[in-house]
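First comes the structure, then the notes that go with it.
All chains are identified by letter, namely A, B, C and D, in their written order; residue positions are counted from 1 within each chain.
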């Protein structure tokens, strides 16, 4: 059974007439996702590859029962797009856009959180439930269906681990990219909670990186609340302090946020941490053997 | 983007925070002129984006303009923990009765701004947090509630700010919060926040970081960026729009698509090279959907470091297409006339096509590997071989 | 507090909303002077806090200053639905291609500001809402989210604003929302919002209400209150700080503590007096915790209406104390030398003591009743008796 | 059984050193309410009639486990006081203060609502659970304990009806004043829902007045969700349009908000409406006979 993107997902793509928006909307639909609408203000009434385009998300929700929004608009307009999706009643927002100002997300997070809206990203690759639905930019061909839940702050690193798992004969229930920004809509804990509750998931692979303390918090949470085996990988042992490593959230500040610190925190909770994607996949395979 | 002390103070002043009168100076003569204009004793302060200026001799009290000029001449050009001093800030000297500390940080854990205030200022806040945590008042502000008067009261009461100063400190907290919100700041720090013998509260230093992603909203702040500073290779990368971080002492150039994979690539290269003493020379993320031209540009940045003796390409295509990457590599090799060993590992979208393109062209210095670990081992082997 | 058209337009201009050039005038000569300064045809508009000015002849087009002076002379002093015209607004005449409507109301049901926009402007919005509801675009804005660009787009798309005008209309919506929030408005209405033949969008009228409770934050707006206007008794009440509303055609003065009880008192008096044609003359809430002085002041306001021929006091003490009320009544009777019949019903805190105080003083025109319905019946009886 | 103010209520009084704050804090305590703390900034460490005073609500919550805040501060400072109580973790706020700017309450309402905070007022008399606890300014001596739930927008009118009920031998489970402002923290529906769920309440008396459409909405809600008998009273039949009748919320705008309209709406739902407080009390007595 999948989480976040499921057979019930009815997707509206915000920014569908853009280059990336149209490409991935079509790709997601071809995978089997119910891509029911797109939104580009001023282009309502057109269609992109057969997907009807609306001027507003409210229109897409009213006429196509969209319940999930994928945001592909440029960073300056992304906060507005997210608010529009929330206001129109979309319960799940998946924001691919990278480069959204941190204060915009600060407000959005505090706005949506008490309202029970689920959000992935910004700056995330989306979520893929193999064989069921794909929302975002994850290359589905890499992943097989199976019983490993995969949650990650990083996109391509997730693909790497997915491939390593597949090479070992393991598939995924859902692959969730939570995003690489300082504030993202869902934390590791949010996703761990869902995988724990998901009868289709037997083991969870958590892919972290430097910056923040979400991995440490996740470790404590796993210790208390997760009964399923969890295996981790952390990227960024070579990262110097004070430099942003690509992701706005991947920065070591003072002594906090280092890969070594995260690795120790997880291992102290009994969570095995692989020292390469390959090693992490092997640890997962051992746990499931 | 980190601001220099005087730039932060300019923003402070814009939001009504009291700072000492002063002006920047780029030469000793300018420093003297500023000191003459201010009159009386002044402080000459090196403007560098690194702490510990005082201990390094980058902050000096001058009794008169002549002394200010001397100090300026000594400080300009000084190296402070790897940063060359090119800019000074000259301000009127302050009498100090107490030193407080105030900051607003972007607390990503709590997802709220975190305000910290203590009367134990003038030292590293980590020290206060460790040695006398009860003296460090901490308070989160829900950005949707906004800073309310009670936040200010609560913080001042908790920090034990004397009643006589609470009004001034409160106004500084309010101004700093407005600055934090309205300039998209990631950090606003005042250390020390001084109280003069006659009871005036003033910001004596500033530490100010603004979100790079929000600079488009603040062209004035974006204009403060010190184009001259930093490593020349990083500057080239910035000019070319390449997401690049130099690592000290490395000899293997690396390139990956996606920040996580790029970081992971460094880690596996470092692990593979540990025995033979080879290390990654950089972090480079070509991002999602890089085309041939972007790959070639990134390669140019990589090769601008003369210490780089081999390059590892680690690309797992999602948006990025393997065929584009292959074309980019070939274009770069030709354009840059590069002969150093290059190891390529391609996976994901159109990877097979990419590998075929590379196999067809088959430049002699290009080595294709099937796995990430295999590629890391290979590039270490090649750089070790080239050194022999 | 309701603002006159020109006051609302002054606020519009402050928030960047386009309005016609103009100036207020209090005399015909001033009107002429404004018309001369503006040049060309002008519109002379009566400034009263009531709708239907146009139909009543309170808005006139003038081709030249002389005609403006004539119209002004005719309009000044005119009675428009009970409001005497004392102030004019003279503005440059506009060519009109289309008339839209835009408003922001304080929707207490949804607990959010409600934005309404339609291209069917220039008429009462209730008419549009009834006759062509599909043309009336309505949208709530969560004040914690704030007005976002999508709100503006959604409203313009839903109302069918032509693309060529959407940018101007959008800017007006944004400015009006800022005005609504920043001036603590309960209503901001632009009807009509015109489009000129050359495509310029402009607010041709304004309806603007500001929350009385928030006027302390807006001393400039508070200063716009037209002290001269309204009923003289209501003015007296306002001056004395008494919460009073005059009711037309009544002869029984009423006073109660608490707005709900005061309203209920009106209702039971009206019911009791229905058969004999007697009605309450006013609403008066002395509020919680009224002391003797407040009671006496309220009585003074009540008796300033010569039509009042009997008074009903209905006090249920919570914060308000019965003894204080009794003292207040006796003070007022003495001070105002009032001889008309007064019925008092006292209950709640210290009611017994209050009743004892009244019984001890026992002025001949004072009648104490035990229940609210009994008191209402008694006051009707007394006023009916006094009329006989 | 009571609602809103109960035996578990631990009250902190904001503005306790003011004239009204100290008077009513003492009165509430004398009634038996657990008045555990007061707050007046700068007066921390003092006490009012034995009740300890704190500089901040956070202090009162930390040291006295306060869970309910009563706000008695002047209107200009009331919004801040309410936010302070919410931020300190008080789950119930009872705001007596009258004259708070409507936009302040607009923001507060939208802030507290998704966070599950219960609020009465502003401009309300509070709540009284006879024999158990009294928070606010309701004169407890008027009311008897019993099984009638009473909810009202008005203060003294509530006392009037309470007395009429008492005269007929009926007592109250809880008397709830929701307040007379355009936006108040709890609507009739919120309180009806609680009375419906309260096993100690057999019948509900709802006291409305002109302005807004809360009574009409309550009628529809009662029709669908309330199984217990409800009796209503509406004040303001004589009110002219466009004039505020004392309460900032009691104003007839255009054709909406009239007493007659509300009466009809309730009667159309089968809810009897008394034409005086006395009549409403009699209707209640008949229903319970």
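Quick note on the criterion: contacts are C-beta pairs under 8 Å (C-beta built on N, C-alpha and C of every residue); 3 or more make two chains touch, one makes a residue touch a chain.
Given the structure is predicted, the values throughout are model-derived calculations rather than measurements.
Visitor: Comparing B-D against C-D, which pair counts more contacting C-beta pairs?
Guide: The comparison resolves to C-D.
Visitor: Going by C-alpha centroids, which chain is farthest from chain D? Tell me that one.
Guide: Comparing chain centres, B lies farthest from chain D.
Visitor: With chain centres defined as C-alpha means, what is the inter-centre distance between chain A and chain B in Å?
Guide: 27
Visitor: If you average the CA atoms of chain B and of chain C, how far apart do the two points sit, in angstrom?
Guide: For chain B versus chain C, the centre distance works out to 58 Å.
Visitor: Could you check chain D for residues that touch two or more other chains and list them?
Guide: 111
Visitor: Please output the residue numbers of chain C that touch at least 2 other chains, ranges allowed.
Guide: In chain C, the residues touching two or more other chains are 142, 144.
Visitor: For the protein chains shown, what form does their contact graph take: line, ring, star, complete or other?
Guide: other
Visitor: Which of the chains touch, listed as pairs?
Guide: Pairs of chains that touch one another: A-B, A-C, A-D, B-D, C-D.
Visitor: Which of the residues in chain D end up touching chain C in this complex?
Guide: 20, 75-76, 98-104, 106-107, 109-111, 113, 125, 137-139, 141-142, 152-160, 163, 180, 182-183, 207, 209-214, 217, 233, 235-240, 243-250, 254, 259, 275-278
Visitor: Hey, which residues of chain D end up touching chain A in the complex?
Guide: Listed in rising order, the residues are 114-115.
Visitor: So in the complex, which bits of chain C are touching chain D?
Guide: Interface residues on chain C, with respect to chain D: 106, 108-109, 111-113, 126, 142-144, 181, 184, 186, 211-214, 216-217, 243, 245, 247-248, 256-264, 266-268, 270-271, 279-280, 283, 285, 288-289, 316-320, 347-349, 371-373.
Visitor: In their shared complex, at which residues does chain D touch chain B?
Guide: Interface residues on the chain D side: 41-42, 44, 55-59, 77, 79-81, 83-84, 86-87, 111.
Visitor: So in the complex, the part of chain B that touches chain D is made up of which residues?
Guide: Answer in residue numbers: 142, 144-145, 148-151, 153-154, 157, 163.
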